[in-house]
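Structures are listed in the sections that come next.
One chain, chain A, appears in both complexes that follow, with chain B as partner in the first and chain C in the second.
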Partner chain A sequence: MTIASVTQLICFVALSLTLVLGSLGVVLLPNIVYSAFLLAGVFLSVAGLYLMLNASFVAAAQVLVYVGAVNVLILFAIMLVNKKEEMAEIPGLLLRRVLSGAVCLGLFLLILRVDLTTPWAVTGPTPLADDSAVVIGIHLFSDYLLPFELASVLLLMAMIGAIVLARRDVFSSDVITGEAVDQGLIEKERTPLLLESNPGETTLLEKV
Partner chain B sequence: MPATSFDIPLQAYLVLAAILFCIGVWGLINSRNAVRVLMSIELMLNAVNINLMAFSSYIDGQEIRGQVFTIFVITVAAAEAAVGLAILLSLYRNRETVDMERFNLLRW
Partner chain C sequence: MEGFGLSQGTAHLLWLPLPMLLVLVAAVIGVLVNVWLERKISAAVQQRIGPEYAGALGVLQPMADGLKLLFKEDVIPRRADGLLFTLGPVLVLVPVILSWLVVPFGQNLLISDVGIGVFLWIALSSIQPIGLLMSGYASNNKYSLLGGLRAAAQSISYEIPLALAVLAVVMMSNSLSTVDIVNQQSGAGILSWNIWRQPVGFLIFWICALAECERLPFDLPEAEEELVAGYQTEYAGMKFALFYLGSYINLVLSALLVAVLYLGGWGFPIPVEWLAGAMGQSVDAPLVQVITGSLGIVMTVLKAYLLVFIAILLRWTLPRVRIDQLLDLGWKFLLPIALVNLLVTAGLKLAFPAFFGG
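== the complex of A and B ==
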């Protein structure tokens, strides 16, 4: 066993442990802020696994997109909806968790069996070392050009959709003077439309 | 020096991805908080990406189509996270809760 393979093994074990423990923490921790930060750790260890698979470009994309964008977005969402609320008790919650855990364990055993019994054709061509970004670029501008362009349209649609969905209603003109306000800094009085406790809100719903 | 022969078998990556995917499924089913549901979806997407990358590196080492697929999956996941969190925010404004058990407007 050479020193390179030992290093590779140590890196793989460390990254796997971070990945599994981090994802367990994401799912199980009661405080959701800790979950969000552990999720960043999981994304980073996945990026480390990509580096071990000779994929530097995708590892960089993983760090930029997941850790830099998605995780920050999740943290902002947690800040915006962070109200302490008492979750109502559900009867049979423990039973439900155990049952779904058994189902997930069964799924895992199924995938494990497929993974370990299938004769994978691993004797493929020798992997690229450093120029994977070049090959990915060639792919993106030749045989994957249409999905690449469609992805840009998809991102534009997602951006506009997110803005429209998360936008708040504001006054377009000043309440007192009637002049137009440039940025709509005065937020409208907002009533939650779909609360169960006050049935009188249905008239507001019809009005809107 | 490019790793011409991997010391870690392909199965190790596949098993790791399977563990991550099953944890994601469990979290998706059992989370009460809607933000945590979105996090579980991200975990599952990452498990799929690990599979794609492992196959790309071990079996398709020259063409690396799996890495291109991973790029597209990352793109779609980013779009999904943005729209999902916007929907969650809109839902929170109208129901004033993030409890998944109370999002039952369309239940019969």
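== the complex of A and C ==
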């Protein structure tokens, strides 16, 4: 065994372990902030696996998009609404957990079966190494042009929708119903969010 | 190393970490110089003398600062989240040091000429806000949380114009690799540097780089009048030193990358080939090669520290912007300008392929 192959093996085992344990943590941990941070770790180890497959451009894009943008936005959302709140007891929680666990286990077994029965190509295609960015660009503007454009239109729609939702105060009336905009939805709650509200008081969510 | 009686495998294993250690040492020395410059220049701006007792002209003052931080007590607030509190500074520092992989000091003087080059730096610098959010959250302190959120908002919004400015340069040189970008600028010395072809891109990049480094006028995340010290409020000792190191390494790194992308990297203002030709020497002669190599390192460092000097002067002369001014500048001014710059560059590249890279 050469040094290169040992290093590769160690990297693969470490990345896979962080990937599997991290994603289990994302799902199972009760603290949502921990889950979000673990999700960043999961994305990073996926990027590491891409790197081991000689897809360095995809790995960097994975880090930039998923860790740098998606995960940071998730964290942002969590931290801006991180309000201490008494959760109501959900009836039949154990049954729900068992059922969803069973569904997940079934899916896992299905994927495992596909994995074991498919005749995988052992060598795979030759890696493109440094030219991958060029090849990806050519594909995006030739045979994958339609999905690429559709995705950009979808993103544009989402962006316009977000702006309309966020800036209701600029429109004198609601865009959908035509009624005057409810100012209570726009203006922030008088009491600071981080303060614990009295038990008798209605919370922000109930008012909405 | 095999001459010392080591097997080839062991020699290889010992040889591997050497470039990494070298980068670490270079980065830390860069920071020490930077801290000294900051102290001296700020003193000059305010008509003081600055550090003068520790070593000649106070050059040992940064070492004293570092030692002081090293021996300070490492405090973790009682109701803080210990694990995240420790992990935060590490996550801030590691990506910055990793980005030094792609900084070239000469034709072959870099750790690895990875094909994705500058893209690696952009991707890695996007990890930093997670560390900032983590330390802001884990401190269990409202000022820290606000500082962390501000830092993340700032670095997300300035990353986009930054990447667009880099994209225009990449488009001209047809490559993401930093070595290719410098080689493309080496045709006619100072006249072929990218700053003449990308003046708008240069300004956008420099403003965004300052914002990414959280330097004044963009140091809102740690604005002391508003937020105590932002996400650093609860930190002391070595953990605080990690933030400190991270921000200064980031500044040096940004200056180096500006030098590489816009100021011709290791290139001398007059091409070395012309000089060698004028003196009747061959470029491939060993002595000329040695001189060219060392000139390359000197030029890169000189350009970078010139930019660091400008950054320090800016810090001590400009007032801080407000958070709404900061976000307006980023989203409503820099982003459209960067998009137009990209479009114009693409048009010019099609119209004049000889000057804007074919």
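FYI, the second predicted complex is superposed on the first by the 160 of 208 C-alpha atoms of A that agree within 3 Å, B and C clash if a C-alpha of one lies under 4 Å from a C-alpha of the other, contacts with A are read in each partner's own complex, and residues count from 1 in each chain.
The criterion applied here is as follows: contacts are C-beta pairs under 8 Å (C-beta built on N, C-alpha and C of every residue); 3 or more make two chains touch, one makes a residue touch a chain.
In this text, all values refer to a predicted model and were calculated from it rather than measured experimentally.
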| item | value |
| --- | --- |
| Simultaneous placement of chain C and chain B on chain A, clash or fit | fit |
| Touched partner set for A:L145, first chain B, second chain C, both or neither | neither |
| Greater residue coverage of chain A in the superposed arrangement, chain B or chain C | B |
| First (chain B), second (chain C), both or neither touched by A:A88 | first |
| First, second, both or neither for A:A61, with chain B first and chain C second | both |
| Chain B versus chain C as contact partner of A:I160, first or second or both or neither | neither |
| Contacts of A:D115 with chain B and chain C, given as first, second, both or neither | first |
| First (chain B), second (chain C), both or neither touched by A:L53 | first |
| Touching partner for A:L17 - first (chain B), second (chain C), both, neither | neither |
| First, second, both or neither for A:V98, with chain B first and chain C second | neither |
| Overlay on chain A, chain C to chain B nearest C-alpha distance, Å | 13 |
| Residues of chain A at both interfaces, chain B in one complex, chain C in the other | 57, 61, 69, 73, 76, 80, 129-130, 132, 194 |
| Complex interface listing, chain A residues touching chain C | 2-3, 33, 37, 40, 44, 56-57, 60-61, 63-64, 67-69, 71-73, 75-76, 79-80, 129-133, 194 |
| Residues of chain C touching chain A in the complex | 9, 12-13, 84, 114-116, 119-120, 122-124, 126-127, 129-130, 133-134, 136-137, 142, 145, 148-149, 152-153, 156, 159, 176-177 |
| Chain A contact footprint on chain B (complex, rising order) | 1-4, 7-16, 18-27, 29-36, 38-40, 42-43, 46, 49-50, 53-54, 56-65, 67-68, 70-72, 74-83, 85-90, 92-99, 101-102, 105 |
| Parts of chain A lying in touch with chain B, wherever the complex brings them together | 5, 8-9, 12, 16, 19-20, 23-24, 26-27, 32, 35-36, 39, 42-43, 46, 49-50, 52-55, 57-58, 61-62, 65-66, 69-70, 73-74, 76-78, 80-81, 83, 85, 87-88, 90, 96-97, 100-101, 104-105, 107-108, 111-112, 115-116, 120-122, 124-130, 132, 135-136, 139-140, 144, 147, 151, 154-155, 157-159, 161-163, 165-166, 190, 192-195 |
